[in-house]
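Right after this note come the structures.
The following pair of complexes shares a single chain, chain A, combined with chain B in the former and chain C in the latter.
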Partner chain A sequence: MSMPIAECALRLLEEEHPIDDYKGRVPRWCTGCGDNAILAAVQRLCRDEQLAPEKTVFVSGIGCSSRFPHYMNTYGFHGLHGRAMPVAQGIKMRRPDLHVFVVTGDGDCCSIGTAHWIHALRYNMNMTVLMHDNGIYGLTKNQASPTSPQGLKSKTTPSGTLLEPINPVSVSLGIRNASFVAQAVDWIPDMLYDIIEAAFHHKGFSFVRILQRCPEFLPGRFDEWVKDPSRMLLLNHDDGVKVRPELGKVYQNLEQHDPSDRNRAREIASTYHPMPVGVLYRNQEMPCYEDLRKPDRLYTPDVIKSVLEKEFDQFTIHPAA
Partner chain B sequence: MTPQALKKEKPAVRQPQERPQKSGKRSPSGGKPQRGSLKEKPVQELREHIVEVISDSGEGAQRCGQSMASIAARMGNGIWTVEIIPAEIQPPARSIAGGSGNRVRLASDRVTNGGDEAELVVAFNEQVLLGRIHAHELSPGCTILIENKWRDDDDAEIVAAYTRTIGELEESGYDIQEIPMERECLKYVADPKRGKNMFVLGMLCSIYSLDMQIAREQVAFIFAKKDQNIIDNNIQLLEAGFDWAEANLTFKYCIPPSPMTEPQIVVNGNVSLGLGIMASGMEVCAMYPITPATSVSHYLSEVFETVGGVVHQAEDEIAACAFAIGASYAGKCAVTITSGPGLALKQETIGLAVMAEIPLVVVDVQRGGPSTGLPTKTEQGDLLFACFGGHGDNPKVVMAVSDIEDCFYSMITARKIAETFNTVVVVLTDASLASAQQPFPRPVISEDWMAPPVDQSEISAGLVPYDWDHRTGLARRFIPGQPGGMHCLTGLAHDRKSCVAYDSDTNQDGMQHRSLKLAALQKTLKTPPVFGDSEGDLLIVSWGSTKGAVEEAVTRLQDDGHKVSSLHLRFIQPMPSGIKDVLKGFKHVMTVEGNWSDNLDHEIIDEENRRYSELAWLLRARFLVDVDCWTEVRGRPIKPGSVVRAAHQRLQRKE
Partner chain C sequence: MNQIHSPMSTFHFTGQISGGDLFEIGRRGFQPALLSGYGDLSKLRYDFPLVLFKEGNGAPCIRSLCDVVSEILNESAPTGMEGERLRKSALRLEEAVRVLVRDGNKGSLSELWQQAESNLLSQNGGDGTPKLDEEILKTIRDALPENGEVIDYDEDTPEKVMSHAWNTVQEEKARKFSLRLDELTLKLMNILKGDSMKSATAFDPDALKSAVGSSYESAFDFNSMSDILGTAFVPGALPEKRWRRIQSVLSTLKAQKFFPSMSGKNGKKRRENTQTYIFDHCAPAMEAFRLRLPKMVSLVKAMTIAQLEIESRYREATHDPFFRNYDERYLEADDLAMLPAYLICLRNSTDAKAEKADLIEVLSSGLPIKVLAQNDDIVEQLSIASGKLSFGVRGSQLASMALGLNDVFILQASGADLYRMHQSILNGLTHRGPALFSVYSGQSGKRTRTAKNTPEKPLYLRAAAATDSRACPVFVYDPGAGDDWESRFLVDGNPQPERDWPVYEFGYEDKDMQRFSEMIAFTFVDFVAMDDRYGKRFAGVPRSEWNDLMVPASTFMELDDTTAAGKVPYILMIDENNDLHRVIVEARLIQAARGCQEMWQNLRELGGIDNSYARKALAAEKENREAQPEQIAALSDDVETDVESVSEEFTAPSSDEPYIETPRCTTCEECVEINNKMFLYDDNKQAYIADLNAGTYKQLVQAAESCQVAIIHPGKPINPNEPNLKELMARAESFN
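== the complex of A and B ==
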């Protein structure tokens, strides 16, 4: 059956999701919170990729950043502190049709959920992880986190933290099965978008640490980098993210970094002076757990029945003839 | 049921030096052996017998006992097996605590529990035997068949220990029969450590008049994955054991089997759970290794993928539960299997499933607690924890399985309830059921057990994810992929749209509806039947694996003229209606459980500080009935004889 071109175009228009289709409730983050920039980038990505809202799931833990799924008009799972990754794995395991995003924070991921984070890197399931790292517990109001800078005074560390922070990018790169490790900052929104986009397109577990400003409890935490572009290092590569030409005018400190070079990635990750931004490591060959465990048959009553009968046969004793 | 064995004459045995030399009489290729002495021996007919086979770990006593049970079951005998497991993987050889083996209760009729003390024991050394004697698992004066190679050991200390022990046991009245197991096995194999158990199996086949053709088939089945020469070798040892016993032991029993009318399945409780999980149509099992639950996953790991299911071994117990919740949220109903410590770790995630109304089946194969407790031994210590664990109001369904068949069907029931009520169903079983075997009728598979594929149809405008029904508390469930159903599920208090609750009434509303679901389920449950008369002097209430032992004890008490009945609970939370009326029919009510309770005999224990057993607490609180309790936590299944004694004590106590 033929269809007038106008109607066809109308239908196309109808099926197109404008950005508002991805906007959920009104964000309740503080004014100036870096989470807002991340939300904007993600909503843009969904629109640009035209992700079906019903086929998209945002899974989070607990913390300021973990409110994220409420602000998306997709499926969302706002679960328990630290447990977003295993929930997301359970969702993805038998639903490869769903786009799964995990939104987590430095407390959620690098403290209470550390075991899950390490193992999630190892499982390498196909999902995009946005780790909002502001270096402070915000929702519980100002306690030091594992990524707080050494010496930070907080409510639980009135005379300053004693320990060096952990470096989530270095830790991730330490896991043999890691397949995508990137670092972004909320104050370079174009680069943030490009990195999240690359993460989304990577098949595997894409870990993006996003340095994110907390104006309430840690204002000025990243000022030395925000205010001085020369202290930033933008990683440029065809296989990672290509730095946009207009950004290059402001951020002149560029490095051609091949994301398949894990050793160089480790070197880059090891310092914040300069602060690297971009895709540090990417390995497209790493198999995904859900593919390795993919069943070779459909789960139907007929199959179950025939296998069960066979199993019963093995254990059955029969009345004497 | 008359469970007591007929009193047997103390049999005599020929002394080893009088034994006729048999070597050369039979061909080693397994040709027809001579069994001339069979007819000369009196065959004593028994209704039932309890036999234990016990060895060092790795000597195969468990396989021997299980095989013997399978052979008897195939002949139509009732069986119940109990595994005897040391806590360590490789405990030191010849140690009292390191014994490994199997208890088999054989009977003419159906058996529902492991019974009282063993009446015949085969021991591979005297130390593991002492372990069983110290645990009071052997009946006084019972027959002991023991490997006698220790008498000639190179180590003088071993010789001394062996001869001293045998002397003491003989003096205590045990009927000791020293058997040259190793010497006989050496005629067929170079290393008798492998194969002695088959020799013993052959002996037991002779002693209990078991069918040798079925025994050969059983041995072939055990070694099915091995080379033919290994099968032949083991059958040779089996026959050697049989022939030796025929020629040298002067006693022989026969436990006439009841004719079997329908095909039966012989598996242990954990395999039964695994079969039930498949039959229920659940697709995902997420777990973390923990004794004694793990063997469910061992079995499932072998077969689940052939039906398209998956067993996921997570990085920890919490992740296992969270993974199951994720799968279930995405429309693939999931089960997580654990034991007490794991259940403790999972509590927060279980609370999330309750709060967000995600179907989830949690299996707790209970072991001794608290802490690491008794990892390999049985207990019923998690009942209240299963009901009330977790912070805040956490209404979830708790059911307990009572036997091996129940393990299978409870998985189907649990999944149905979980998905009908969108809630968590905790299924309690325990270490004793995990490894016990008991035949049950082969299930006739129904497609109704397996839920239809998830509904992915569009949600009409205006519908909300938690449209709680004010009568039942039930709400619909939107599954990712359903157009129009987008919402953000949350573990925070939430309203019908799944929005975070910021006002005071919303939390009250949500709590009310989640709680109502248990009441709605309760309305569908039938009052459990009373075992015995509905009125009398004493009602014993039980739950879980103690059912068989309690009902056997009640039968014995009734046979002795006592007005005792029992009531077994399958659903603990919610509890079916009508129970209070049952309790009211008896002068005394007492629970029998495998968990802790203070004994009033202790000098500082009285009614004001006594800690009751777990079900007793529940019954007292709910029904305002003075429910007493008798419990023990010895890490082993409760024996019917212990229940009989406890009932006598209760009946004699005046108050």
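== the complex of A and C ==
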């Protein structure tokens, strides 16, 4: 036997987690909803990586997509609308040993949560962010979101939206500290899986925008791409995602794109015809905020007490008369 | 052949001066010509003196004085005239410190610097040099790093450098260990604290009172509070067994004596009695290790249990028997890596024979024991039966021998290389297994009485010459650096490693003051020529007798017997007056030099320079390529076929059979919603047709229509009696 004692002791406990170990409650999404595909890909990833359920946490905001943590049998935090990222950052700060995932929607991330999103990109903390972009507020039943197509009639825009949608990938690429930006679609499962896997393995804030079908309120929204593989553009690279050979047969539109090339990434991101799928940008050198802020000592009761005393010594307290 | 009995040949073969004007070089202070520039080392900016830094906080722990000063100049000297003045002053001070150290002064860098300052200031301007400016002196002084002890090169340097490096590594280990220990302790205490907060004592009126604090204690009735809280059911109290296990782990952690406990009240350092780890013999080190082994085992166990407890992963059924049986037999180098390594400093004076067996035992033990084997005499006189004397190089033997042992870090160097190789020293000390540092100090055994009358050559020069002359080549074998020899074995610390002997330019003037220069090699023979004990192996030849049969020793060694016949090898040496001489060399010394050359060639091959296997493989490959270019083309064809076969992974069955393109399924629930017996998800949560008989053809067609990615192919119905088949088959058409 040639193995250190700690490893032996853990090996004794070694258990194989089948995919069912990661399944939580039964999803209440509409049938046909693209969220299901994303959930399946994530559960596959957890199984393939054998993530310890007790060391994994899913954090979300509010929305259909944000119900995700309930469907995972791991730790989870179903937060406030738009506030998934600061919660996740807090978790990562205190528990850098956990695998942190954030699940958010286009409303959650690009409307009410925009400020948090931009700053989370800037802080570059190690977590995997899945932004389910269905171009609509689903949970509250059909209100336009910042990524809704121009002219979309919805409950809040009865005569059609006036503005062009924002492009979450371009916005992310605009933040200097961004370290991983990718785009996926729910209807190419293997590619979706590979992109989420690459995002998970990237050390830093990995932002994945996933185009997600909402058959309930925007049926047919992505049909032109779903039905016609020639309208898709698959990005291929050793440093990003390598397109599987069997996919290459159906999706013949491939581009060799080096994810370190931010300028080309911006060009690719700006077009939907064809629709790019893959890792657009990746920079492994970008430092993570939790590493920059790593405490150099242990917060023992003694240390905490002495820090507090020092702080309190700056004040004089007059006891209530 | 008529020259064979010339006095030069006679000397070469017999070592006897038998006529002519050959003369002994013994008492004339001869030294190899290439050393002529190294009269006063304090004038040179080289690797010594060294500054040994304590508590570097990540900064290097060993630096040369010269590098320290250069760095200050790089960082704080302004440009232009002012910068130039600062540079000049700093270099003058550096030289003054060098002189102080040469003259035997000891102390910290700042002490010696201050002394040098006042020495220079007291003669300020008096000796014709420019005046020193107080302001500038202060700038330099402020930039000097603190906590550095200055040491010059002497026979104790290897041991000093090694124990300093060991201490540095040790302190870093202690820091990490203490952090880890504190973390485990804190987290275990938290578990116990959490438990005690659920216990009855936590609801005791007094406990409640002290929790509230004095300001508001009158606002509460702690007795009723205690009554109410005491009735509350608190689930999850620690089982007794677990509580005791955690307690026992905590006390083991607290009792450890391997490192001083750093965490005292208010984070102040508190040094406690710890054990020694530095020894001057192998046996006591092994004995100490053996005695401490049971304590190590229990500490390692306790830390592992603590880790499991903290992560709530201790399972009694599994782990109780595991830890009960775990003893020293299972302890691994990785387990010991966090504990202190042992350092054994061996000097020549220790009884080499007795120590050798122990040393092999230590090195092959796999334990984290580091050995400094300092050699004070590298050219050994071996008496052989016939009474003749021959030479051998002892230093290399030990290190080369250790190469045969597994997992031992080895560094061979001379003391002069210590600074250049200090990173390797640190690597060896952090290596998890044993390490051998074989270092030649530069001494030449006990000095003979006659030798004592001649001025001693600086030890540093002899040590440096040992490296240059390949008498003590530098090499590193680092088993942690990779899996193959290419990454583990390095000889590039040697000058001009691609050559048998390094060559240097040597300049001189003739009696008409005409300047010449030529390239000359520095060989093992030159190294031996520095050693007074072997003066008799050399004979000076007056210039009038120089002739073409005299060849430089390095050239002579390359000649075969026939071409060598009649020729006599010489080296260039200078005397006390700096006059140049050709000095001829005895044959047995040439023989020894050849042995040394061969040893160096072997090492060099191991280090991948001029490697005979590589040479042969290269030649074979070249031949091969020229012969069959088609084969290579065929090879890349193979690769392409592989890719093809991967893409054939999913094959569509005939259109009669119903099927789903499972890999494209987006898990959208549509089909399983229609019939969750006919459609099932596989291990990747993607749909396939599990049982055609579990539903109707109608459901199959409906599912195909609902599937947004259109991957369900209904095929032909299996039950010909199902109603409306005609219509259904028409609808199915577009999905088949």
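The definition used in the following text is that the second predicted complex is superposed on the first by the 287 of 321 C-alpha atoms of A that agree within 3 Å, B and C clash if a C-alpha of one lies under 4 Å from a C-alpha of the other, contacts with A are read in each partner's own complex, and residues count from 1 in each chain.
The criterion applied here is as follows: a contact is a pair of C-beta atoms (placed from the backbone, for glycine too) under 8 Å apart; a residue touches a chain by one contact, two chains touch by 3 or more.
Note that the structure is predicted; figures quoted are calculated from it, not measured.
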One more residue to check, A:L298. First (chain B), second (chain C), both or neither? both
By the touch definition at the top of the document, which applies to A:E164: first (chain B), second (chain C), both, or neither? neither
State whether chain B or chain C is in contact with more residues of chain A in the superposed arrangement. B
Using the touch definition from the top, say if A:D239 reaches chain B (first), chain C (second), both or neither. neither
Kindly classify A:Y75 by the partners it touches after superposition: chain B alone (first), chain C alone (second), both, or neither? first
Per the contact definition in the header, classify A:P215: touching chain B only (first), chain C only (second), both, or neither. second
Using the superposition on chain A described above, determine whether A:G32 touches chain B (first), chain C (second), both, or neither. second
Shared contact residues on chain A, chain B side and chain C side combined as an intersection? 297-298, 300-301, 303, 319
Spell out the residues on chain B that touch chain A in their complex, using ranges where they run on. 70, 73-74, 76, 259-267, 271, 275, 278-279, 281, 283-284, 286, 303, 305-310, 312, 314-316, 318-320, 322-332, 334, 348-349, 352, 356, 439, 442-443, 445, 447, 450, 478, 480-492, 499-500
How about chain A: which of its residues touch chain B in the complex? 24-25, 52-55, 57-59, 69-70, 72-80, 83, 85-95, 97-98, 115-116, 118-119, 293, 295-301, 303-305, 307-309, 311-312, 315-320
As the complex stands, chain A meets chain C at residues 1-6, 8-10, 12-13, 18-19, 27, 29, 31-34, 36-37, 39-40, 43-44, 186-190, 213, 215, 226-227, 245-246, 248-249, 297-298, 300-303, 306, 319
Residue numbers on chain C that touch chain A, as the complex places them: 179, 182-183, 186, 215, 263, 265-267, 300-301, 303-304, 307-308, 313, 315, 318-319, 322-323, 326, 330-332, 334-335, 643, 646-647, 649-650, 663-670, 673, 683-686, 706, 708-710
